[in-house]
Amino acid sequence: MSLEAKTEQSAIITQTISHPKESKFKDGLSILLMNKAAMVGAIIILFYILIAIFAPLLAPYDPYDIKLENKLLPPSADHLMGTDDKGRDILSRILYGSRLSMGIGITAVIFGAFFGIIFGLIAGYYGKWIDSTIMRIMDILLAFPGILLALAIISALGPGLMNVTIAVGVYSIPLFARIVRGSTLEVKRLEYIDAIRSLGANDGTIIFKHILPNILSPIIVQGTLRLATVILSAAGLSFLGLGAQPPSPEWGTMLSNGRDFLFSAPYIAIFPGLAISILVLGFNIFGDGLRDAFDPRMKK
Amino acid sequence: MQAAAEKKVLLKVDHLKQYFPVKTDSLFKPKAYVKAVDDISFHLYEGETLSIVGESGCGKSTTGRAILRLDEPTGGKVFFSGQNILDLNKKEMRKLRGDLQVIFQDPFASLNPRQTIKQILNEAMAIQNVVEKPNRMSRMLELLGYVGLPAEALDRYPHEFSGGQRQRIGIARALAVNPKLIICDEAVSALDVSIQAQILNLLKKLQHQFQLTFLFISHDLSVVRHISDRVMVMYLGKVVEIADKKALFDSPLHPYTQALLSSIPVPNPTLKRERIMLKGDVPSPINPPSGCRFHTRCPFATEKCKAEEPALREMGEKHFVSCHYAEKFR
Amino acid sequence: MMMMFIIRRLMQTIPVVVGVTFVVFFIMQLVPGDPAVLLAGEGASKETIQAIREQLGLNRPLFVQYFDYLMNVFRGDFGVSLKNSQPVLDEILVRLPITMELAFFSIIFTIILGMTAGIISAIKPYSLTDSTVMIIALLGISLPSFWFGLMMMYFFSVKLQILPVAGWDSILHIILPALTLGAGGAAIVARMTRSSMLEVIRQDYIRTARAKGLRERVIIYKHALRNALIPVITVVGLQFGALLGGTVLVESIFAINGLGRMIVDAIRMRDLPMVQGGVLVASLVFVIVNLFVDVLYRFFNKRIELN
Amino acid sequence: MIEKNKPILEVKGLKTHFSTKRGVSKAVDGIDFTLHKGETLGIVGESGCGKSMTSLSILRLIPSPPGKIAGGQILFKGKDLVTLSENEMREIRGNEISMIFQEPMTSLNPVIPVGEQIAEALRLHQKLGRKAAWDKAVEMLKLVGIPSPEKRAKQEPFQLSGGMRQRVMIAMALACTPEVLIADEPTTALDVTIQAQILELIKDLQSKLGMGVIMITHDLGVVAETCDTVAVMYAGNIIEHAPTDKIFEHPKHPYTQGLLDSLPKIHEDQEELRTIEGSVPSPYHFPAGCRFASRCPFQQPICHEKQPELLEQKDGVKVRCWMYTDQWTGPVGKKEAVK
Amino acid sequence: STKSNSGNETNGKKEEAKQGGTLTVVRLSDATKLDPHFITDIPSANIIYQKVYQGLVVPDKDFKIQPLLAKEWKIVNDTTWEFKLRDDVTFHDGTPFNAEAVKVTFDRLLDPKTQSPQREKFAMIKEVKIVDDYTVQLLLEYPYAPLLSILASQEGSIISPKAIKENPENLAKLPVGTGPFVFEDWKSGQEISLKKNDKYWGKKPNIDRVVFKVVPEDTTRLAMIETGEAHINDQVPVTEIERIEASNTMGLYRTEGLAVEFLGFNVKKKPFDDVRVRKAISHAIEREAIIKGVYNNVGTLANVAMSPKVFGYSDKVKPYSYDLNEAKQLLKEAGYEKGLEITLLTSDRKERVNMAEVIQSQLKGIGVNVKIQVMEYGAFIEMLNNGEHQMVINGWGNATGDGDYNQYNLFHSSSQGPAGNHFYYSNPNVDKLIDEARKETDESKRLKLYEEVMQKEMDDAVYIPIRNYEHLAAYNKNVSGFWLNAANYLMIDDVVIK
């Protein structure tokens, strides 16, 4: 799939706005627990998180240990997923790599969400020219073919984990901004905002205390779905040689490295590929489940 | 409460206009506007209830919002206790907001679902700083007492209450800052009749207790009749009639008011009335009809009505009507 | 009326596109790497590099360079490539149709496959078919595309030898790239169609249709689908934008001579006019496609107010 | 003019339940009524008491899952609708029994011209050709008082005003001259002056076409003006069913009494309105006894023990209250005291 | 099979074959321009060199200079070289080849107004003198021994004087030379095609056409060879050797190259301003492991920064032995016994990145912590040119096959920066020796001089030699007769498609 799958964001906007009829969050949570798919997603993610935490305990080998004499060993009892072209144990690398790949994903999404939320809130709340200015700038970001934006950013900042993260994060900004703006517009119209305004609250209080908490659900849903995309995008950048610096076992880098052996030693690419796919799948399922959970209509 | 001549005017609305720009398809055509409120004037005496009635979209809420400066009015003046509040800067306005409060229609939408009742009330007091911190708790309990909610309510979230209870919380929030004027925008329309009755009773009680002034916006004429001292009828952004309740209900002078009154279904099957049927729909406020805005639906319209906009004329004791032929309907 | 809407929207794209060129220009200034050095090649002296720089006009102040560029663009002159001194526009005109063709076939694939799957799923929600289709869709979204593309190439071209490996000559050449590029999108459209259908089926007017005694088939295809397609159109539009980004990878893998690859190569060569031109056209395409989607959207859903 | 006493629709012990994760919601819990030809039956009651679910049950349109008709019979001209196949049911829907929904905004398909929305039912049920169906649709639009119906028929719902849309709904419902028309809050979304037009129209068409009408509303004013008999619902039950004038003159059930008292009277001045304290029981946990008992000013121990039956009184009024049975031990004089 | 032209066509006329057909060559990147005076990249040069354009002389398979457009030559004196030209040659545009053509070509190259990036390579040529129609003399500013090697390189191509006079700009996309192939078409970014020159003065090629296709992805290029969609892929990753060899449709071609790869130090940057640190690192790298582990034994272990094929090479200069104790000792002396943090810069070429990883792991053994910095080529070059790196994996192409191009650019202090001395090395003795060697016409004396200077460089531990290039090509087994010359140019004069 394409790098910048702007997943169903319109759907998210329309489906998950907090209609503060009831506490979305609590209800959402309970429905989430009952939503089997979301549970599966959550379990997958949890599994990965545990792997990331306990990688040093789980990994049978040093993920950085180059043993050229062991290179390209197919999966065996010694090396469950085989070894790569430098004789490193793929399983150990994948275990350690979970930290990097999830780290990139989570940091990038937080980065994108942070700026996106601020821009979206300001645009949505103040409206008028502020809104149009901000949203035009977001349009500019969005109109950039995403991978090219990333390419340019990475060329400018140099490759490396942090910069890949920023690059994919930047591209997430307009997506969050759009969703947040849409939700803000919707929540802004609600009467409790007018009520708090007529009590004399200042804009900061209104925006951060009264609007933001009530638009969290679409943000969270977008965040999880975005995480999936971001991880894939980062892998895509690695494919173009713009990813993490060696010898870090970032999955996208491993995968792109493995493409040289796609036909001769496919396991080098298959396992990191699977690791990515399953994690992305987890986030997608989870995000979907969340969306259902927060969707007010699911509760009738 | 019959208003005596020396009654103090609390709020005076003077040639208020509120236009909303609408997007047009054309690049070249001048901008079009929804003239939601188009040059209306009225005033409110201290301690009275003035109701605004009229059909959907006639500008009732817009009037209320403009007075509260929730939207910035396009033109006109709004004097509160003699001061034009449209001249105030943001900070001064924030300070004044303690005197002007609002209760909204939707009991579900008017409370932040993520705040407990305690936080809601506390915040109101904190923003206006009307009560010292240590005294807030007792004040909150007092407020709950006024609106008839138990003390346990404080730690609960809005969704744990029924619609009527939520409306009470909204009222408590409005009262928390000791306002002088409360604008009730369809404050009971969303409630079932039995709960509606409770809230209406409560509002009346509180009005007496605190000398509150109400601007009561509603399209339910029986409710309006129950609660108001005076009634103002709006049609397409204009005031068509304004009078004491009795005068208005007993001898409406504007054909629209008459039609409106006769359209209300009355829960009394024995009462078979002559109904004035209006034809057609309410015209768009973007392109309001010329002359008298009601002429397109008025059974008595003449050429004059089409051409000439009628002025709001005093036809009796504080009874103002904007109709060329008001005399005929006396 | 629709015309006016289109014209106004087109005018709105101008600041966006200018903004894009501005961002490109200044990002490219930040990018380390001097086109003159790259052009001079191995072993060139400082003098040579300086001469090249002068020849390319890279010595002028940045704002002058940018402003000149912008003025020229408005005159329809996209400048010449630093790399081979050929007019940028010529190059773009060669590449753009190819990328558009690729994107077009991908999106067709996306739509056909995605909608069919989505409808199949929605007709019997929560059934086995539904779950199967949706799991495949989720997998489709979760697969890295380059990986998927290479795998398909290996399987269909190298092993089975039923499709050509790479190039862009015949309809057969189009299949794998379009599939690779469209797979993720198809999955997204499938899910969107499904959820949109389920959403629509809950609507009051579907109840009205049932109350009329209509057959389920009529209700699905006449009453539900048309409404369900409205949000799907938006997704397809966005997907088209995403496709444009994805072309870079697919064009590399399948050796397709498209715009995406052109821009990537140009970035690597620090060929600023080429990058500028390419990104400008790419973003213009994106904006226009979205405009087109908006028009379609309006067409299908006339209730949507302007803006 | 029309023979009024022929029953066409008999609902017997209808139960519609929703099985949700929170439990079973007894939205409609055993209701009985009969609709006669040419009669207008009003169903009133507060929000959530089961009015809409009753009407949807009749057409078997309750959202399923989670909803389900859990018991009872719906006899339409002798056939039990509950047991009909889906195909047979389709024959009846829109043809012999039609429905008008509350929200004219959302109940019309936004992307199909209104004329077509009317015509498709005609083609289906009356086997009319395309042209004939269209002409009939235009004629129907004219009948419901839409000006220049030829033009309007080609428009889509968003191009019509709320009142016009509701007229279209009515035209659609009446296109196949049904024998029963169910109107579920047909005017709630409309302005009073428009509401008056619509109610007038329904009354007018009823007298022309002679169908039985079920008018569902929570507005007692609407009931008073349009209905012959009224069924008052409370928490999934009918608690009182009587000719309209009787209900308004001498409401028997304490709930009906309370309801009428809470209305501000337009022609008299009152300082304070009567209210009914307490709240409706949750449809997930109805009490064992009378569902109104906890709010009732006359409650007696028996009220909390066992649910009363809907019993016909001497004057023909049916009421579900222990007060009107011989098991009643409380003060009898209070029956009318509330008035 | 796929509907690739080569497959069907050739299978059909298997027997008579041997003649005709279109050769498809797949390459990583497109040419930038086709004007020899402006070409700076191999992909461009490869398309025209010895195909469209020819020079006065040509290197053979052993990189010995042989006559081509010049039948013979003699050195008149230190600064005068005389060439006798062929008289049977015409350019593709019909212009006859003669002394005039040679003069016009070099005059253009040397004219500063032309702004050729190659001008400096020929800066020693003062004048091209026409002696008669088929005799020219090159008059030099100063004695320049490797003159023939630069004349044999692609920059020495002789261009149609008519084309130069009429429309020099056009040469960038429309080359006009004397070679066995005539330029046909260039679809930018996609392919360049040449067709057989039916009027070629020499032995006419077997094939009718050759198409150079751009296929950026390694895996894809190879897949195309495997299926027969293309014939030759001359950019093969070393990791694919086994697969190629195992395949029954593909063959692997290997040949020694002129280029070398080395690990360079920035001697101006701490800690590599200290020769002991450089030596310590030199002792700590196990070069054989890299050749085997990273390069799959493609190429040979280098002992200096000059490949054996280049004139000036010496096998007497020995690199530092692999000796960790010595390395540690040296580090200790330099004051880094507690270890050391350094960054290793490399471009994003896969093998080099792999090499960096291996070096990183090797240096861990002496307590040197290496941070790898992979840069995309443009940024990589910029860093080198600005001297911002500490240690770099780099290579040198040696396109002319002469030691001067190697030593002068890499080690002469005047070449610091872009010109090639990215070590920022400056040693007056070395400079002097290089200058001397440049002017020395006696080959054996030159060889001695180069040996001496290379030893000095080695003593200063400016770099660690790693690998002499070996060029690889994968081909479909239905082609034969192509070869790669040491400068990595694909030679297709004798190609036959079965």
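Per-chain residue numbering starts at 1, and chain names A, B, C, D and E are given in the order in which the chains are listed.
Here, a contact is a pair of C-beta atoms (placed from the backbone, for glycine too) under 8 Å apart; a residue touches a chain by one contact, two chains touch by 3 or more.
Note that the structure is a prediction, hence the values are computed from the model and not measured.
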item: Neighbouring chains common to chain A and chain D, by label; value: B, C
item: Of C-D and C-E, pair with higher C-beta contact tally; value: C-E
item: Of all other chains, the one whose Cα centre sits farthest from chain D; value: E
item: Chain C and chain D, separation of their C-alpha mean positions in angstrom; value: 53
item: CA centroid of chain A to CA centroid of chain B, Å; value: 48
item: Whole-Å separation of chain centres (CA-atom averages), chain A against chain E; value: 45
item: Inter-centroid spacing, chain C versus chain A (mean Cα positions, whole Å); value: 21
item: Chain B, residues touching no fewer than two other chains; value: none
item: Residues of chain C touching at least two other chains; value: 31-33, 150, 154, 158, 202, 252
item: In chain D, residues with contacts to at least two other chains; value: none
item: Interfacial residue positions of chain C with respect to chain A in the complex; value: 15-17, 19-20, 23-24, 27-28, 30-33, 138-148, 150-151, 154, 158, 181, 183-185, 187-188, 191-192, 195-196, 199, 202, 231, 234-235, 238-239, 241-246, 248-249, 252, 260, 263-264, 267, 275, 279, 282-283, 286-287
item: Residues on chain A engaged by chain C in the complex (per definition of touch); value: 1-11, 14-15, 136-137, 139-140, 142-148, 151-153, 155-158, 228, 232, 235-236, 239-240, 252, 255-256, 259, 262-263, 269, 273, 276-278, 280-281, 284-285, 288, 297
item: Chain C - residues contacting chain E, complex; value: 31-35, 37-49, 51-52, 55, 83-86, 91, 94-95, 150, 153-154, 157-158, 161-168, 170, 172, 252-255, 257, 261-262, 265, 268-270
item: Partner chain A, residues of chain B touching it in the complex; value: 65, 68, 70, 93-98, 100-102, 104-106, 108-114, 123-124, 127-128, 157-159, 170, 173, 177
item: Touching residues on chain E, where the partner in the complex is chain C; value: 1-4, 26, 29-30, 32-33, 40-41, 115, 117, 119-120, 169, 172-173, 187-190, 213-217, 219-220, 223-224, 226-227, 229, 376-379, 381-383, 385, 396-397, 399, 405, 409, 415, 417-420
